[in-house]
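Have a look at this one before I ask anything.
All chains are identified by letter, namely A, B, C, D, E, F and G, in their written order; residue positions are counted from 1 within each chain.
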Amino acid sequence: MEARPLDTLNKARNKKVLVELKNGKQFIGQIVSFDIHINTVLEEAEERVNGEITRKLGTVFIRGDTITIISPQ
Amino acid sequence: MEARPLDTLNKARNKKVLVELKNGKQFIGQIVSFDIHINTVLEEAEERVNGEITRKLGTVFIRGDTITIISPQ
Amino acid sequence: MEARPLDTLNKARNKKVLVELKNGKQFIGQIVSFDIHINTVLEEAEERVNGEITRKLGTVFIRGDTITIISPQ
Amino acid sequence: MEARPLDTLNKARNKKVLVELKNGKQFIGQIVSFDIHINTVLEEAEERVNGEITRKLGTVFIRGDTITIISPQ
Amino acid sequence: MEARPLDTLNKARNKKVLVELKNGKQFIGQIVSFDIHINTVLEEAEERVNGEITRKLGTVFIRGDTITIISPQ
Amino acid sequence: MEARPLDTLNKARNKKVLVELKNGKQFIGQIVSFDIHINTVLEEAEERVNGEITRKLGTVFIRGDTITIISPQ
Amino acid sequence: MEARPLDTLNKARNKKVLVELKNGKQFIGQIVSFDIHINTVLEEAEERVNGEITRKLGTVFIRGDTITIISPQ
């Protein structure tokens, strides 16, 4: 069977990922869930702007349509 | 069963959350309801801009497609 | 049964609400109807920009996808 | 039965309305038709920018997703 | 039966129309087809910017979601 | 039967077309396929910015929602 | 049978492609999967801005609606 994009997110579950948003913000944390809209929940999440940690957010729900990329770390 | 993003919002019900919008505004309040579009209602909501409380709104319905993140406090 | 976001709008029916748009405009008036797209009709509506009344519009239909928040007054 | 937003547009049929677009333009004319996407046709339509009549367009089809508000005059 | 917005486009078929886009461009030509997304084909189309003819395009397919208005000439 | 917009794209198949994007870029190449979302594949494609060839891309898949117009050359 | 746009992506599977985003960023890597929304996964991906490699990302999931073009290299 051919690979599908959500397989990649599934394999990253509970691992650390980088999520980038359309507004330029970055979140780094453990991906604990996602759905077909790419709504995504990170735990132990940190927000970074220009490489600097700007906030520690703990749990964060990110609305899928605001995401550009998700990259396992 | 695998965790889903809306489970996280469900667990936060009636608790304090931070909601950020595409236009940069922040709302902090008790999340009393949400739906699959991520339309969200907060109670005892305050608007913050750059960390400052700019308005006390009481109950506020936030249209889901304007939301970037929701973070339980 | 769990509360849903549209319940909040329903409870506000015929009462005064503040509606804010993605373009920064505010409308204040009595909410007489809304639908699942959050298309909303206000009566005795006033437009405000930076807190100043800029127009009295009477009845106004607001397309849902242009709305950010609705807050009962 | 509860009022619905499209009832308001229906009641305005063949009457004069103001339509405002996301790009800031205004059209004033008789609303002769609309659909669930809020695609709207005006007749004897005038375009106004900053309150000034900038064009007389006669019949104009306005794509719904470009509309912010429709207000019966 | 009540008039519908697409009836207006249908009546304009093979006649000259003005199409305006979200990016401010105007196209004038004969409308030979359209669909429910308002994807539209013009023939003998000219592009105008600020009232000046900037290009003669012959046949042009315009994606519906980029259109703001269509006005029969 | 009435003409439909996709008929025009179909007739252009394997011929040279100009594709313009919402970000202002132009691609010129042979249109070898498209679908109902207007996702489009060009071959022997060149990118042009302000009339100048800026890149030769060979085969290029263009996501439909980024396209404003397609014009057979 | 007529060619379809996704056939082109399918043929590029496991080969090197250039992906460009609405925000101007470029990613170059091996395309290992995509779906009908054009959600796309690259491996051994590099980000380039103005032709310069700005980051090595390894595996990257790119949300389809942020993509403008995909070009096999």
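The working rule: a contact is a pair of C-beta atoms (placed from the backbone, for glycine too) under 8 Å apart; a residue touches a chain by one contact, two chains touch by 3 or more.
Worth saying up front: this structure is predicted, and the values here are computed from it rather than measured.
If you take chain B and chain F together, no chain is in touch with both. Path length between chain C and chain D in the chain contact graph, taken as the least number of steps between touching chains: 1. One inter-chain figure worth recording: chain D and chain G are separated by 41 Å, centre to centre, where each centre is the mean of the chain's CA atoms.
We define each chain's centre as the mean of its Cα atoms; on that basis chain B and chain C are separated by 18 Å. Residues of chain C found to touch two or more other chains are 22, 65. Traced around the ring of touching chains, beginning at chain F and stepping first to chain G, the chains run F, G, A, B, C, D, E.
Residues of chain B that touch chain C in their complex: 13, 21-23, 25, 27, 32-35, 39-41, 45, 57-63, 65-66. Touching chain G in their complex are the following residues of chain A: 2-9, 22, 24, 38, 64-65, 67-72.
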